[in-house]
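Which chain is which? They are A, B, C and D, in the order written, and residues in each are numbered from 1.
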């Protein structure tokens, strides 16, 4: 940790107070760090202060510790502070049968387009094994058939723990996770949902969109929480349709959105650009 | 009606059957009409055929009647057929206090940007009277205060009937219409709703969007039906936002969408480009 | 100037150097001002620092002067500093025959949607006089016919000077301004161009777009400089088209973009959110 | 060819004349075919008629020939008519060093997302060989080094001819093809260009866009003709940027557009939905 020429990211979340921003930047200033970018925000509703600074110039562990101490001197006890060395995030991907998001992630991983490394792919179905194996990554087929949700998740967790991942990515994983599972990776499980949330929560959103006769369909990348389809939203986008589109065609168009949005959301997450507060995200892009 | 050099629009809605499209166009062909555009569509779910043809060449009333007769010869009894001379639609606009949609419509009306003529503006509030009067249009202030919904609507209807309008446009009219009122203008009342329906139905959609932390806000132009915010959708669009936007700023951005979408939806309606089937629209743009 | 409860905007443009941002914010900190927003940026190519801070708390002229002095203490001599009280900008609008942008601006002006006040409208044609007069604003018809460009501009300048405007807005003004004219209002003349610059520079961009068979048309709001269609770009947007669109229909669709983009660009300008550097803009929105 | 249950596509391009559309559809009507979709268009400038009909019901070769004969009876001698059985197009992909478009096409090919089959990949560089080989497709490294353009193309043509492809796809192939080469595949070579054409023709479009300070960057999928970057445009799209984006970041954002647009354009081409007329496309999507 903390060699020279490394980039570090400081993340602060705490109660806002006057001049806090200035005092925090004074710490970085005194330590003579090279600021690459700096963003902050105060929530209106509950007055919480969020800061992300990216900088270089920490050359050894002593300095790292001193900076942290100096930051704590201007912060209250319950402030959340992270001082992270910028390194590839460790990621496990979940999928079921659809290949479009997974395929895109495998290509990006192979060419290091992301600040992340995919360690393994887990699926409740085996059909995507050949795709994953092309890229020389472990594929774990953990069928849910004949098992309770808890039994199934226990098997999954045993595999996940082997890899010690920082993020779990649900790349069209079509199973609902239990609160017990979700609680192990708070704000660390990212899902791509096939609708413009909060419209068309639940199953078959394209069928729902077709029935309602909407003129736009969308997709949403979000963190997974206990409440299905209610987690903090990271990114959303839409595409215009007309009356000629069948649910199948809407689904096809939706896949393009899903592929693109999941990749964008992961880019943000893997660079520590997302804070979660309550049920919302603050994104310093 | 039916002088030479006029454009006519044929609208057909009927049960689909093989070769119907060909037989209908044979009628137009035999009458030697000049087709300007022709569009048709068959619904998948209930096999209904919709056709819109725009053409010139009807030079007198006899010919108009003969064409209609010939069309009926290839159609079943319960087919809906309209053969419309293209003329400016007669329109009454409703508003409350917000000026952004009304102002836009008044400018477009003054310069004949639309295939329509605004005959009058009705409001349950008097604050927009000066704006309407700048454009030398009648402004009817019909307050709802101290009246039952039925009493208020009765007063409105008395005024509306004076103008014999084909369309009622709700340009940010913040009152809910009763089913009795709506039934008098089926698929003839167009509203602009301040959200991307079906998300955020009901009051305060920007506050709802803010609370949910969405990354996109939208607006929806739709026909009014008995079910609040459930009518057939004509046009929708969205704009991207981030965590910094307050509900007030979201509302400001939403106004831009509302202004633009209402104008686009009206353009389509006033040129007879919209069919309504069940709760959906078919739009031949 | 400088009463209490007023908002001020600080604009700084100077050579970048280490810790400058921190030292400038220290000045605001020491004067105990309430920061509303703060943004800065350093250009990569020529290392220029730009800062915009919006804050309240200056209660009298003495304090205003002291803050300025303290800011100059940390800045070099050739730094450009403005400390502006937030007040409605004084604006003169130019037009020719097209009403769509002008009409939109008049509505927004009437309802104070902008941080600006339109003082007068100048046109080389008289057809929009009735529209302007509806809004009780002076309309100056200054025909260019039978005059040299210099003679025409001299007449215009005489009228413009009466109003002492901060911004000139070209709302579809179809005459080219001379460098002499432009030099009187550097980065203060805003134009809406009917194409996605730098594509289709010059006359008839929709015809050019039609000939080239593009699938997107656009519009561009920009500052006017000596080079036609080459000034710093403020905002651009596009709309998708297909092969069916005629140049006239493309123009109609383009008008919607123009109206919206000009309004957005003016919103940014009138709140002092735009810096111009070389031929580019830096926008703190 | 022409077995039962097959879908056929009729493409007609000829001088427009009155009732032609009706007479052509009469032919399909008499042969009792099941029309799936039907689109036509007449160019305004040179009065050329284009028709695409998709239908089923041709059960044997005799019928296929009779339909063609009947079509020719209502068409003039120089009409261009194609009656195509819908089958996967044979495709050869060209690339250089960038993986983002190629990777996307390989995934889509592996899962038959397209109405096409990639037969081989040709590159003037060898770095993408491992990616192609993961998908068990032939990769031909044909270096251009030390060869004249003609020599290099001769080697390429020898390889291409082995595969007898219907389409060549330039998936970020960074070499200019000679008119001799292009003439062998008229309207059959599809390129993805990294700008919103006609803006920023030529090399380094992102650098050009950065220098000009545009607020939108784009990409363009087009057919290749003799004139560099001047071929008929199939699809274009854009993404908004601000002053903070470096040319490298713009390029990264552009890659997302390129990947998506190339895929969409190929979808259209592989289903015979694109006509080329002069330097424009007519697309029946």
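FYI, a residue touches a chain if its C-beta (ideal position, glycine included) is under 8 Å from a C-beta of that chain, and two chains touch if they have at least 3 such contacts.
Quick caveat: nothing in here was measured; it's all calculated off a predicted structure.
The greater number of contacting C-beta pairs, out of the two interfaces B-D and A-B, is seen for A-B.
Among the other chains, A has the CA centre that is most remote from the centre of chain B. A separation of 36 Å divides the Cα centre of chain A from that of chain D. Mean C-alpha positions place chain B and chain D at a centre distance of 39 Å. In terms of their C-alpha centroids, the spacing between chain A and chain B amounts to 42 Å. Counting only residues that touch two or more partner chains, chain A has none. The touching residues of chain A, when paired with chain C in their complex, are 19, 21-22, 25-26, 29. Interface of chain D with chain A (complex): residues 99-100, 103-104, 106-107, 110-111, 113, 131, 134-135, 256, 260, 263-264.
Per the touch definition, chain A reaches chain B in the complex via residues 41, 44, 196-200, 212-216, 218, 232-238, 240, 242-244, 246, 278-283.
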